[in-house]
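Take a look at the structures listed below.
Two complexes follow with chain A in common, the first pairing it with chain B and the second with chain C.
Moving on to the complex of A and B:
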């Protein structure tokens, strides 16, 4: 099945380039490690055969759109397409300069979860494929099956496919194998059950590991500021030193800044080299935004950005 | 042995207890690291060049500043389970901290540290140490080296310091010829498992020729997102920034913290930023490690540990870029000579 979809994608992109409907394409190609993909950014038709669709298309490719010139085709999962729309709302890219190719997505598989389940590093795992609604994982000469819920990324578990509203062309279905609002919420509910002092200790411990690599910021399409607040020295908002207090404030402020722009693509958490559960913060932020403003990021390209517009009849109990 | 060492040193072992795999103070009990024979995520360089280090304090007194040096010697530490790539990397960056001046912060930690190496038996797919002139079981730059030969660990004494810590250790016996043979076999086997390779001779030949190939560098840098992950996890990266933390009364402290040449602001100055464009920064990373450092110190500033490849958010792979370097032309080498 995947081969057909891949062929369809490649043929489509080749034609778009040939007809000059797009000047370049941003998609996924096979990575240099097992179970990985890497962005393919090219204007060359000959490169199109390298495009892939598989459960490891993790990157949110919309992060590259601001820096590319001409009309750019983007192979977009549901969350990535919404990030693209969100960038259009923020006037960071023009609608006419992007061609959104809705890529089929069953949800991405979280390799860290798989490694933990099996107790092996990816290097020792031979294969990971979907077989119906289960993930068939081959290692040490045998194959074991796991339910989708155990291997899908948390951000995918909470995916609402109906949020994906706009694209120029749809190659295949966008719907995680299992999903639904409640499924992606386990960790949030766990944390809400903690007493505030407990929750504080939890995040203090997590942010003590932060090395301020800014990976979370750099992979995030919603973090597009040319000058991030952490780079400001007059006034200095937070210390550039990786003290847990400043690390925590950095992330909290970053969350506030991306409120209404974050589509919960899960990249910040996936790439964090210190394993900080940033997805819990993004998920909770998304919930708060939905609850307070009935707003879902990237669902309406004509809507003003959430925090940049004010309606007189808006909920005012924020101010007490 | 670890317990004996604990009496004299702060003993660090590879551990995931903090939530990420790095060198942590040994809790006296855990031995999981003896079985899991792979690299930590955060390299041991953090023990010599911490992510954040206080250099000195200062306070205002009668209109001028009084400097308060940080006290005393750093504590004696023993790092257990260092892999050859990380050990060699430490040897590589030692040179920088003894170059223009003796960096006492780094060097005093180094002097007070014993390195107990552990040979790799199962390298990652991302490892490529064998291309950089050594192997996953080599005893370079450690004080003693341990090799797992199944029922025992073979100990290779490398330095006086290493010999010193073994004195009086219980359970340490002379290795037999059979033991030595098994260790040699373990070394061979580990070497053979390193599948990723680069051709450093060809790379050294091509790099001077392709410096100005902007098209190539723009293409290979397109997917980099300019974060600090590869740099901060790299055992041979050592750049640091210096920042003062001040209180209202004028007192404070000066710190150094890790910096990254991939950051857009790394070379930003009031008048200009010579590496404003991403392709220049990505090019710089490659050149610093594979050409400029060797020009200064006669060694490539990379030990093939593969962390950059595994942890990069977009799987940017330096070995792929190095193997795709255009053949270049002699004319371009002249341009670079003129430009420099």
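Moving on to the complex of A and C:
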């Protein structure tokens, strides 16, 4: 099934390039490690056969769009398409310069979860594919099936496919296996069950591991400032030393900046070398934005950006 | 209840709240001296990072004061403040900061008494919770 879709994608992209509907394509190709993918950006028709679609297409490709010129085709999962729309809302890219190819997404498989589940390294696993609502994992000569809930990336658990509203072309169907908001909210509820002081202690511990590599910022399509506030020197908002206090402020302010833009694609958490549970923060921010403004990022290209709009009478209950 | 005097950083907008504070002063109204006022041209100038920085360097609470909705000198500045800081408040609560530490209110130039009242209330709020040790090691 994956093969068929891959073939369809390659044929489509080749045709689009030939007809000059698009000047270049941003997609996924197989990565150097087993069960990994890496972004492929090309204008060369010969490279099209390297494009892949599988359950490991984790990168949010919309992060490249601002830097590419000409008309760009993007192979987009639901969250990538939403991030693209969000960039259009912010006038970072023009709708006419991007051609969104909606790719089928059954949810991204978190390989770390799989490895933990079966206790084997990625090189010892032969194959991982979606079979209906289960992930079929072949290893040591036998195939075992696991429920989607066990292997899906956390960010995919709370995915709502109806948020995906705009594309130029759809290849296959877009429907995540595990729907339902509640699943993704488990982590937030756990956190909220703690006392405030405990929560602060928790984040203090987490952020003391941060090495300020800024991977979360670089990988985020919503983080598009040309100059980040952390690199300002006059005034210097946070110390350049990676102290936990400043690490925390950096991340909190980053979250505020991406509020209403973040589509909860989960890239910041995946990229984090210190394994800080940033997904818990993005999910909470998504929930706050939804609760206060009934706003879902990247669902309407004509809507003004959340923080550029207002209603005359809102939120007064939060003011003193 | 604690006996220490909280330090409060207040961001007051030039056109309403700062003038309101002025009126409270010239009318000789009593309000706690825990406030350190920073004048900004509009409450919309207040970046969430200002609020966090104030807490980071030891303020026990931050109070942002702007014109009443609809009365902004720049027409819509305080509407943006409201959105931005609502998110800040909600999010910081999730991080584990007491909600009393970040507060937003409106106060017009003619409301000297309201200014004194808000300041008194916020000071009382902050006296109820422990001093800010959030960013201590």
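Things worth noting here:
In this text, the second predicted complex is superposed on the first by the 316 of 320 C-alpha atoms of A that agree within 3 Å, B and C clash if a C-alpha of one lies under 4 Å from a C-alpha of the other, contacts with A are read in each partner's own complex, and residues count from 1 in each chain.
Here is the rule we use: a contact is a pair of C-beta atoms (placed from the backbone, for glycine too) under 8 Å apart; a residue touches a chain by one contact, two chains touch by 3 or more.
No experiment lies behind these values; they were computed from the predicted model shown.
Using the contact criterion defined above for the overlaid structures, shared-chain residue A:289 touches chain C, although it does not reach chain B.
By the touch criterion defined above, A:313 reaches chain C but does not reach chain B.
In the superposed model, A:275 lies in contact with chain B only, and not with chain C. In the superposition on chain A, contact of A:37 is made with chain B only, not with chain C.
When the two complexes are overlaid on their common chain A, residue A:212 makes contact with chain B while staying clear of chain C. Contacts of chain A with chain B, set against its contacts with chain C after fitting on chain A, share not one residue.
For chain A in complex with chain B, the residues that touch the partner chain are 31-34, 36-39, 41, 59, 63-64, 67, 121-123, 205-206, 208-209, 211-215, 217-219, 231, 239-243, 267, 270-271, 273-276.
Of all the residues in chain C, the ones that touch chain A in their complex are 48-49, 52-53, 56, 69-70, 76, 79-80, 82-84, 86-98, 103-106, 118, 121-122, 134-135.
Residues 18-20, 38, 41-42, 51-52, 124-126, 222-223, 225-229, 231-233, 241, 243, 245, 255, 257-258, 260, 263, 265, 278, 309-311, 313-317, 319-320 of chain B are the ones that touch chain A when the two sit in their complex. By the touch rule above, chain A contacts chain C in their complex via residues 188, 191-192, 194, 196-203, 229, 237, 245-246, 248-249, 252-253, 255-256, 259, 281, 284-285, 288-289, 292-293, 306-316, 318-320.
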